[in-house]
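Think of it as A, B, C, D and E in the order they're written, each chain with its own count starting at 1.
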Amino acid sequence: MHHLLPLLVAVPLLGAALPAAAGRRLPRAAVEITGFVVSGGTGALALLLLLNSTPPMTEWVGGWLPVGGQSVGIVVLGDGPALGMATLASLLTLAALAYSWRYFDAPPHGHTGAFTALMLLFQGAMCGFALAGDLFNAFVFFELMSVVAYALTGYRIDEARAVQGALTFGVVNSLGAYAMLMGIALLYARTGELGMSAIGRGLDAHGGPDALVLASFVLVMTGLLVKAATVPFHFWLPDAHAVAPTPVCMLLSGVMVELGVYGAWRVYGTVFAGPGGIPAADLTRALVTLGILTAAVGAVMCWYQRHIKRLLAYSTIAHTGLFLVGLGVLTPEGDDGIALYVVGHAAVKAALFACAGVLLDRFGSVDEHALHGRARSLRATGVMFAIGALGLAGLPPFGTGLGKSVAEEAAGGPLTVGYVLVSAITAGAVLRVTARVFLGLGPRPEDAEYETSGSGEEPETGGLLRRVPDTMTTVPAVLLAAALAVGVAPGFGDLVARSVNEAGSGGAHASAHWTAPGVLLGLAATALAVILAALAVTRPTWLAAPSWAAPLRRLQSGHVGDYVAWLLVGTTLLGALALPGVLGG
Amino acid sequence: MNRLRLWLLAVGGTGLAALLVAACLDLPRFGGRSHPYGDRAVHASLRRHIANTIASVNFDQRAYDTLGEMSILFAAVLGCVVLLRQTRDEHRAPPEPAEVARPVRRYALLVLPVALVTGLYVIAHGQLSPGGGFQGGVVAATALHLLYLGADYGALERVRPLGVYETTDALAVSSYVVLGLAGLLAGTAFLANTLLPYGTFNTLSSGGTVPLLNAAVGMEVAGAATVLLAHFLDQAVEIEDATEEEPGK
Amino acid sequence: MSHAMDVLPYLVAAYVFLTGCYGLATSRHLIHAVGCLAVCQSATYILLLAVGYRAGGTAPVFSDIEPGSRPVVDPVVQALTLTDIVVGATVTALLLALVLQIAKRHGTVDPDELRELRG
Amino acid sequence: MADAVIVVTLLLTAACATAAVTQRDPARQALVLSVLGVVLAALFTVLQAPDVGLSQLAVGSALTPLLIMLSVRKTRRRGRSKEDRE
Amino acid sequence: MNGWILAATLALGGGGAAVLWGVTTGPPARRILAQNLATSAVCPALLLLSQGYGRPSYVDLALLLALLGPVGTLVFARLLSDDLAGERPSAWGLTWTAAGLGLAAVVAACAAAGPGRAMVKLLVIGVLLIAGNVIASRALAGGFRRVGGG
């Protein structure tokens, strides 16, 4: 069975390359059907492997089995989290492809399959990154993922904002990747190994942590946290996610950002968790601090957006912060909760982006102010948008609610309040949009000075849609149903918990199921979200941007140089946060 | 210049610099003897009769990385095709034929075959001497563009049917994957180099599947580099939008 | 001298990386910024190869020397650097393609004048 | 002796990198980058990595500067034709 | 002590410093000339290094540089032709010095290698290097009517 693991990368690659080779003569339908079959087939394979991932599998590519515990080959991991992320990425790619069925008006001349091929490459890259058990191999797939994502983000080259967002995305992420590679080189110098667990053993054999371990930790984490859009590495995300084509946004916000978080979890757990790595207290300090900052900045910025896709992008940042906090406390329960949260969030966020895409193609705008009351006729979309908002708030029995309640219990104390507030604010912002755009409630809000409006966008289809195609409404509906199923399906939580704990957490087992406090907190967050949205719609002046929010918004300057400077500050911050234990050790 | 950015840069740069310098002082000294993975790789390469250990690492021991690398190149080509496509508000204006001084023309046309042969030589000797599919592929692709230098863009376009190069590129990626799958079907593992005999050390056919994978990479790179350059040349020389006028005014 | 030599290559790599970052942050032209990114990347090549160097060693390519006759440097970092160079070239190409489109759609390549995405 | 050549090429590389960053005009930067490519190839040779040196020569001294120059030409051509019309 | 490596160090150090100074200062034509000089300084150094390390296979690097270096310079000259208009820096002294350096390196390497396939390769490199160098220099110095155009 384990021999099949590399197929999760190979099949999508072949599926992207063969149509490109057969190329120019293939009709569009044939290319799109190939895309479905390949993407779905890979998803099915990932699912099959996932169901057989107890005990965890490993595969040495090229048959270079270790001799005396050492190998010259590359190891691919087939444990629960790795295959789970691969499955999630595959299924979401399938959803995005279904959503974009007959969608873009004009594929490049002679390259009908380019979009499908890029999506398949993206899928292969995400699977490869999720399965990577070798640090340099992880870097390669990380770069593949990035390169495809830049191209997909800038796909609509007619749009000034799209190409600008894609370039910012490209520069910041590439710099992060190079930082990561510097870190890998430092680790290789110390241990002479590239496999993650081999590096971990090498560090432990060398003794306590020193400056080199700290620097390599900071550099590798920089790369991963840039992808995970952690404050202060997050600036590229709203610029890129707000402008990418909708099906791409579904993938970027739904899986790619989460893969950064997953990578940080994996790398810490296998490389730096031993006695030669970064002490647990330091990691907790670093991740929880950055996580809280990220969640707070994301939530505040989310609330003050009028560009709907940008608003959703900031809510992704806010939730990434929550993921980091949950992983940062380093308990098995925290890991379980976040795993469930990520799955639920992916489905909900993708569904919300899909609904925003419907607005874009129907009205040529994703601006909350300009669309005020105009989408009353889109009842189904409106209902789904509202349900998505409730899912974001963590209303039981959504999967997000289950994950959040487990993570809240693991984090405990004041962090619980953070979880409730952040999910309530982001959900409240989405509910506010629902109320204004789909119901036309409240007065039309006034424009602020320093912001990105969502008007004047080009629809992604050939001209404005008169009626919304069935695929564009079915996909979000299915995704929302999936988010519900994650929370409702009996035993699913425990299944996830078991496979996560088998892969990490040092043998400790926890279970994940609904508890009374969790349900109550979920209900509280939802209630708070509804109240916030109601206040915002009926009394706009009460919740208008206070003066302290203005500098925060001004930081998001759209200038790539600023973002690079922030990236450097971020590495310093990360180093400072993790420093005490290294000095002590 | 923005004051805030300079401050951030100063703080972040100082912090990162301190971190990196501290790490450098903890690194094993330059030129040290301990390279466990490297030593294992050399032994593994010799066991498989591959003279160039780097080729062995690239196309055998860590062939999976090279698969990712090829995909990156393939993705970049697809990406550039998408990003540099001709939009509705642009048109093509064939450039005027350029006057090229005769010595330059002669030089370019003489060097062209030499460069092509060198490219092929570098690809073919990949598993023996320094070089390989990647290096040779770029040289071969560059060689083609000597036509632009020696004649003009029109001449280059005539010998450069882009579709063929794009197909080559995609076919090469596919064949790399298919070679990998063959290992899987033979019952060993993905990208396992166990299908073919390892041959005599230091000959062109040594190393099992390594020469095949190397050739696939060479084809891919040559195709990809040509297509990439073609799209940039198109943009720089031919494609114009409404705001542009004829060149040479 | 010999002590300086122990760390000099690593320090050069760190210096090149930071220089590239400085250029990237203060760039006034997007094509220049992409060039600076390429400089940042060359730091990774230097670091990787410096890590794999062995004093008195030669390349582990046995077409013109007998295996085992001379000490050899680490081949793995060289393979990694090769991959890295390809990655660098492709990223440069893609980013330049994006810069060209920015020049078309915004009419400028000065990052200070790109003021659409903010807040 | 072997160290002297490494030191010289390392310092040259650092100087070239600095020059590549401080040349603010992209066309001039492309020239420096191509020199940087050649110097890096020499550095890789003295670090006993001829394979890497070859690909750095192919990419760094030919492909990347060419791509940059083509981009510069395109952006300049736009700038010029715009000025002409104004 | 290895005379080959010492010579290569001197070529790299001296040539490199001169190239760097030339490529960062002065008018565009001078910069391109300096870029061309990079090829003619580093290529002989690579030949010398190949001898110094006792590795004939390193010669491929010099071959590639001798092939691609002048091509790169000519491409720059063509794409920057507008900036070059009116400038005619002639640097014949420099050009012939560089050519002499290349010739000396090739001859020395040939003498060390002795007759055979290796020598043919070295001669090809020498021809490519010197021809490319001279052509590129002449093109830049305005020796030809025009190198510009579409």
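Here, contacts are C-beta pairs under 8 Å (C-beta built on N, C-alpha and C of every residue); 3 or more make two chains touch, one makes a residue touch a chain.
Protein identities per chain, from UniProt: A = Complex I subunit 5 family protein; B = Sodium:proton antiporter; E = MrpF/PhaF family protein.
Predicted model only: the values in this text are computed from it and were never measured.
Touch-path distance (fewest steps) from chain A to chain E (MrpF/PhaF family protein) is 2. Separation of chain A from chain C in touch steps, taking the shortest path, is 1. Under the contact definition, chain A and chain B (Sodium:proton antiporter) share the contacting chains C. Highest C-beta contact pair count among chain pairs: A-B. With centres defined by CA atoms alone, the chain at the far end from chain B (Sodium:proton antiporter) is A.
The most distant chain from chain C, with centres taken as the mean of CA atoms, is A. Chain D and chain E (MrpF/PhaF family protein) have Cα centroids lying 16 Å from one another. Here the spacing of chain B (Sodium:proton antiporter) and chain E (MrpF/PhaF family protein), counted between their Cα centres, is 24 Å. Along chain C, residues 5, 8-9, 17, 21-22, 25-27, 34, 43, 50-53, 55-56, 58-59, 61, 63-64, 72-73, 76-78, 80, 82-83, 86-87, 90-91, 93-94, 96-101, 104 each make contact with two or more other chains. Along chain D, residues 2, 22-23, 30, 48, 50-51, 53-55, 57-59, 62-63, 66-67, 70-74, 78, 82 each make contact with two or more other chains. Residue positions of chain B (Sodium:proton antiporter) with contacts to 2 or more other chains are 5, 9, 13, 16, 20, 23, 25, 27, 35, 37-38, 41, 52, 54, 57, 62, 65, 68-69, 72, 75-76, 79-80, 83, 122, 129-132, 134-135, 139, 142, 228, 232, 235-236, 241, 247. If you check each pair of chains against the touch rule, the ones that pass are A-B, A-C, B-C, B-D, B-E, C-D, C-E, D-E. Here chain C touches chain E (MrpF/PhaF family protein) in the complex through residues 58-59, 61, 63-65, going by the rule given at the top.
The touching residues of chain A, when paired with chain C in their complex, are 136, 140, 143, 146-147, 150-151, 154, 157-161, 163-168, 170-171, 174-175, 178, 181-182, 185-186, 188-189, 194, 238-239, 242-243, 304, 448, 450-452, 553-554, 556-562, 564-565, 567-568.
Considering their complex, residues 3-7, 9-10, 13-14, 16-18, 20-21, 23-24, 59-64, 70, 72-74, 76, 106, 108-111, 114-115, 117-118, 121, 124-125, 128, 136-137, 140-141, 143-144, 147-148, 150-151, 154-155, 157-158, 163, 182, 186, 188-190, 192-194, 210-212, 214-216, 218, 559, 561-562, 565-573, 575-576 of chain A touch chain B (Sodium:proton antiporter).
Only residues 57-58, 60-61, 63-64, 67-68, 70-71, 74-75, 78-79, 124, 128, 131-132, 135, 138-139, 144-150 of chain E (MrpF/PhaF family protein) touch chain B (Sodium:proton antiporter) when the two sit together in their complex.
By the touch rule above, chain E (MrpF/PhaF family protein) contacts chain D in their complex via residues 1-2, 5-6, 8-9, 12-13, 16-17, 19-20, 23-24, 28, 31-32, 34-35, 38-39, 42, 45-46, 49, 53, 55, 57-58, 60-61, 64-65, 68-69, 71-72, 75-76, 79-80, 83.
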